[in-house]
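What follows is chain A paired twice: with chain B in the first complex and chain C in the second.
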Partner chain A sequence: MRILLAGAVLGWLAVFVPARADTALEYAVKAAYLPKFVPFITWPDAAFASPTQPVTICVLGNDPFGAKLEESASAARSGERAIAVRRLTAPDPNAVCQLLFLSGDAAIAEGTLDAMKGKPVVTVTDSGLKAHGVISFLIEANHVRFDIDDAAAAQDGLVISSKLLGLAHAVKQRGQP
Partner chain B sequence: MRRRGWSPSVIGALVAAAILLAVGVLMAVYQEQLYSSQQIKSVREQAQILAASAAAAILFDDHVAAQEYVHALEVNPELLGAAVYGGDGRMMAGFARGTRLPALMTVAGTGSGNGYIDVAVPAGQNGARAGMVLLRATAEAPERRYARYFGLILLVTMGALVIAVLSFAQAQLARRAQELVEVNNRLHQEMDERHKTEEALRQSHKMEAIGQLSGGIAHDFNNLIMIVKGNLRLLKRKMPDATAGTGYITAADEALDRAAHLTQRILAFSRRQPLSPQRVNLSTLAQGLAELIRHSVGEQVEISLRLNGTWSTLCDINQMENVILNLAINARDAMPGGGRLTVETRDMTFSAPPPEVENFAPGDYAALLMSDTGTGMPDEVRRRAVDPFFTTKPQGKGTGLGLSMTFGFVRQSGGHLVIESVPGKGTTMIILMPRDKGTT
Partner chain C sequence: MRFGGTYRELMAGAALAACLAAPAAQAQQLAQADVQQLTLEQLANVEITSVSKSPQSLSTAAAAAYVITHDDVIRSGATSVPEILRLAPNLEVMQSSPSAYQIAARGFNGNSAAQNFPNKLLVLIDGRSVYTPLFSGVYWDMQNVLPEDVDRIEVVSGPGGTLWGANAVNGVINIITRKASDTPGGSVTVGAGDQYSSAALQYGGSFAENLDYRVYFKDFYQRAFNGAGGTNAHDGWSAPQGGFRLDWTAGQDAVTLQGDVYGGAEGQFGLPNQLIGGANMTVHWQHPLDEDSSLQVLGYYDETRRTVVNGGGFTLHTWDLEVQHNFKLGSWNSIVWGVGDRIYQYNIADRAAPDTSLLWKPGRRTLNLANVFAEDSIPLGDALQLTMGLKLENDPYSGISPMPSGRLSWQVAPDHMVWGAISRAVRSPTPFDTDVVEKLGTVTFLTGDRNFLPEQVTAYELGYRGQIFNRVSLSISAFENVYENLKDIEPTPVTFTPLRWANTLEGNVHGVEVWASFQATDWWRLSAGVNVQHMDLNFTSGASKLLGTTQAGDDPHHQASLRSSMNILDGVTFDADFRYVGTLPDPRVPEYVELNSRLGWKISDTLSLSLSGFNLLHGHHQEYPGADQIRRSVYLETRLRF
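And now, the complex of A and B:
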């Protein structure tokens, strides 16, 4: 409990400090954000094998987070589920992921996004990528923000809480083309 | 009879008032607690709504969104302040009206201060802990609350006082009514006594009148009987030997004897019969009569003698013997199934007249008491027992003159006849004869 609290406080301190252009700080914020998305997202039942199966955050390609992602993931929970982190070196259609972070190579990212269409996986694209997943990071006024494509989420069978939508920089509403 | 102090109804009213007051105070306290617990509940609900809606803003450290959520609560005038705290416990957003909210908040709970209550709840989403939300609501100041309840207490007290005054008045009324009832009862009692006295007087006058009337008639009638008897005797002398006529004459003569006897009894009642008083001791007289009484009453009646009287009196001995026998036969008739007859003599000294006895001179009396264990008499029969021709015996069994003759003889001899009777228990006839202190 104490460790959990300390982790949370550490995470908050990282978030509280305004994100500067400093890359390390930027990715520390993103590492903190990724597990925090999880409680606001509802996956279809088919996405999990059991009610207590952890939510797996997969990171494809080069890993900009280092140990920061594990730190924030270990401090976070979503209901009965813990949050696990998995790193993929190459696109793997058989890998069990509920949230997939894409950064680096644009071609791989686009290909993966296409492959994930219709699957209950929340794709998160890094800022700087042209292709956008369900959630896409962006930098605005030195702050890390995110857009949400709720329409894509609806196609994938995902439900994103309006509380999260309310915080997004821009939202592509579901039901719109 | 006038009672001092508090009557039970007044005490009851005061107790009721005190209970009313206590219940009122208890209810006020209960209401107060209910009110404050409900207020805390309502504030907590608002805090939980804010915590739920602001969870994402807290998690993602969005101060602007957090401020918007907090701002939405400013329309509630009950809230003195509201604030959202991040995961590190520092305030992210908030507003305060005339109060200072703590800058750091990490522990959930409820607190209160001067005129406000604080409710802090954790914020989070789906089990993920984000931070804290604090709401500060106005609480009514104690003075204002007490003022609110003071009115109520005043009303209840007034009500209690009214009840007390009313029941006091009621108690006084009841006391007056009670006194009136007592006075009325006394009046009725006096009226009854007066009525009885008048009745007795009337009775005495009646007896006197009947006595004089019947005495006069009997006297003259007796003379006429004597003339008829004399003439019958002359007639008998004129008729020699046993002719058929002598039988008629004898029958007529016997009938005249019976008529003479009847007039004797009437005269005895009217106290006009010639008496030859002698000095006599009632105990000796009764002792001598014991055997005769025993024969008269039969075997079914047990006789006991208690002859303790020593004083002598003056009376006609024959008549007195008649009286005693008469009373014994009356007693036997009152005990058809057998019983006990007690003949008793006593020396009695009276300083005041016995009840229902008139013209009584206090002093020494030789008493003869004749008690039976028979049927007794109700009061109205007992009062009329000495009236001439009054009888409860069946037609033909009694003339109704026995007791009136006794009464007449006793009165003529200066004595008194007292009758005591209890229906179902028995009767005691008491003859009181004045003591004779003569030397022989």
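And now, the complex of A and C:
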């Protein structure tokens, strides 16, 4: 019973302490996913300045990946293009990003998603966010999965291969409201 | 003095402590660079949660948790659940006959001469609890799973009483099978060896989108060993089993329905075969409520039957229903709470004979085991995580037992975690503790005790888990378990008999479990495990000390394992598992080293072949007092997929 009481006191104290970022493995998996999405996505030609310009993955704000994303990006390619990683400290409509990962602050994520509508940028939202990008991570039965909003992709001029759609947990089809 | 004979038929077995071999937990390794090598399909299969019932990465679980992965299972060549469990460095696995095993964690592997059987583990197969409520041990011969259908086995040493509840005193073994969608198509597996032959058929597919199924059937025959005296023990056995699994996802909801039916016959020297049989059906429903909360419902029915000689045997029916709710309170409290109720109904036929009788007073009962639990995980700053829980279990004999636990993990650096825990768990009294009457001729020589108390443990644990030098993952766990009210035997004053069960033994067990895995090259992995434990038991004042303290368990002081896993060529793997088990003190069984090895060859996508050798270093060896001599064996298996 003493343990229980001690635990209760600690627990009461704990509610005054702020939350922290989540586990390393979950984000290692997400960091591995991001560059692997790239070969299955076709951007409009206008999205790139040249045929060999790298595909840039941008991480806005809170960065849960550390060096893991650079490691997995450096190991991947998409045709002629290498994959680069860029961190943005604030939303920047002029930043060159082909894939934009949003995590952390829900309000910033929603605002950014609105601003990106119609642009050839694959928005990827983290699990736990209410707002969903073209790709949205989710945790299902202890696994990291992703949904694809192919309707939004169509509006942004993006083509996502059927193979990637087939691997998604759920797909919102083109033309669906 | 040997009491074992009477009870032996019913309790099926005795066997010993061994176990080793040790790749470190998959999750730990995957936490690093390995994840990057995975394909999109494989990434979706990475388990990011664990032991705890609420989502949590295994690499941050504050417990001594070891995961046997699907790959480990296949590459070990093991054909039965107990042999697979030899891969966990934090278990003692001792085989005593072709069908019987004694398995324990952190000691208390039993002592059959004192009618003490390993009884402090909770074993789950897809959520269904399979330890028997009749004596809290596990009939390992009745727990069969196709090795290729095992997704993973989580082995937690130390109490899991708070979350997992009943009987998780010294550990939890959580066997999780693959989803039907992970095992599509058909396979025929045929194997033959000098000791063991088997055939298995499985077919899986989809009835509709999001509705996957598989069905399987397996039969085998395992030859008899020689007994301790070196003559044929006539204890060969076979146990055909069939079953199915259905997985249905509808939107965010996931429902699984699965069941098995089995029978079996086990030889007994000079006696008719012992017959086993059973059936079970489990339904599991997961329902997300919103982003941060979910509901899980688990229900099952399980029937087991054993017959022995002279009419002895039992039938046991179990009904279980559990509901669990996970949610977040504020942005920091992750709470999981739930309720569960289990009803056991059993009917034991007395074994009555002129020389020795085993009677149960009463022989039929309906027991109800209920629980309610809650656990809260709270981050304390960036690197600390506190998990507190409490379970209240209401067992039919001793009433309500509180099982609190507090766990703290500290992520010292991204790849280094230190954890500590204090927890309490109990083993509730069973019919074997309270209702049994054993007679020698007409003399009652042993009776149960209606006032038998729950055996209790308070465990203090401290551990480290992490990644060093980029290629080595390491886990170290130290424990100090303080036991009270341990079961022993006391004589009746003056008349001596009848002897009766009592709770006059107590004491401490402390030890260290270490395992590590070293990815030497991308094609070669070495894994090792060592555990050392010291049991310091003593009798309470006034106890008779009749059978000494080793009646609680005849455990090795230390054991170790070394495993090599090589991908030699494309599609060709070679694995070797050395295991060392120290001397069992009393009754004495000598220390031994043994080797299991397997060469696997995937000839094409449809055809694979493997050659396994078990216990290769000696013609035979013994693992438990009075038990059979385990023979060296070889086994060739071929699998055709269609």
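Methods note: the second predicted complex is superposed on the first by the 155 of 177 C-alpha atoms of A that agree within 3 Å, B and C clash if a C-alpha of one lies under 4 Å from a C-alpha of the other, contacts with A are read in each partner's own complex, and residues count from 1 in each chain.
The rule is simple: a contact is a pair of C-beta atoms (placed from the backbone, for glycine too) under 8 Å apart; a residue touches a chain by one contact, two chains touch by 3 or more.
Note that the structure is a prediction, hence the values are computed from the model and not measured.
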Determine, under the contact definition given at the top, whether A:128 touches first (chain B), second (chain C), both, or neither.
-> second
Could you tell me if A:78 is touching chain B, chain C, both of them or neither one (first, second, both, neither)?
-> first
Where does A:173 make contact in the superposed view: on chain B (first), on chain C (second), on both, or on neither?
-> neither
When both partners are placed on the shared chain, which of chain B and chain C touches more of chain A | C
Mind working out whether A:52 is in touch with chain B, chain C, both or neither, as first, second, both or neither?
-> neither
State whether A:62 touches chain B only (first), chain C only (second), both chains, or neither.
-> neither
Pick one for A:161: touches chain B only (first), chain C only (second), both, or neither.
-> first
Chain B versus chain C as contact partner of A:26, first or second or both or neither | second
Which parts of chain A are in contact with chain B and also with chain C?
-> 8, 11, 15, 33, 36, 164, 167
Quick one: in the complex, what on chain A touches chain B?
-> 8-9, 11-13, 15-16, 33, 36, 38-40, 76-80, 161, 163-164, 166-167
Inside the complex, what are the residues of chain C that reach chain A?
-> 27, 30-33, 35-36, 38-41, 43-50, 55-60, 254, 286, 291-292, 330-333, 376, 378-383, 385-386, 388, 390, 402, 404-406, 411, 414-415, 422, 424
Okay, in this complex, where on chain B does chain A touch?
-> 52-53, 55-57, 59-62, 65, 86-88, 90, 124-129
Complex contacts: residues of chain A adjacent to chain C | 1, 3-4, 6-8, 10-11, 14-15, 17-21, 23-26, 28-29, 31-33, 36, 66, 68, 71-72, 75, 128, 130, 139, 141-145, 164, 167
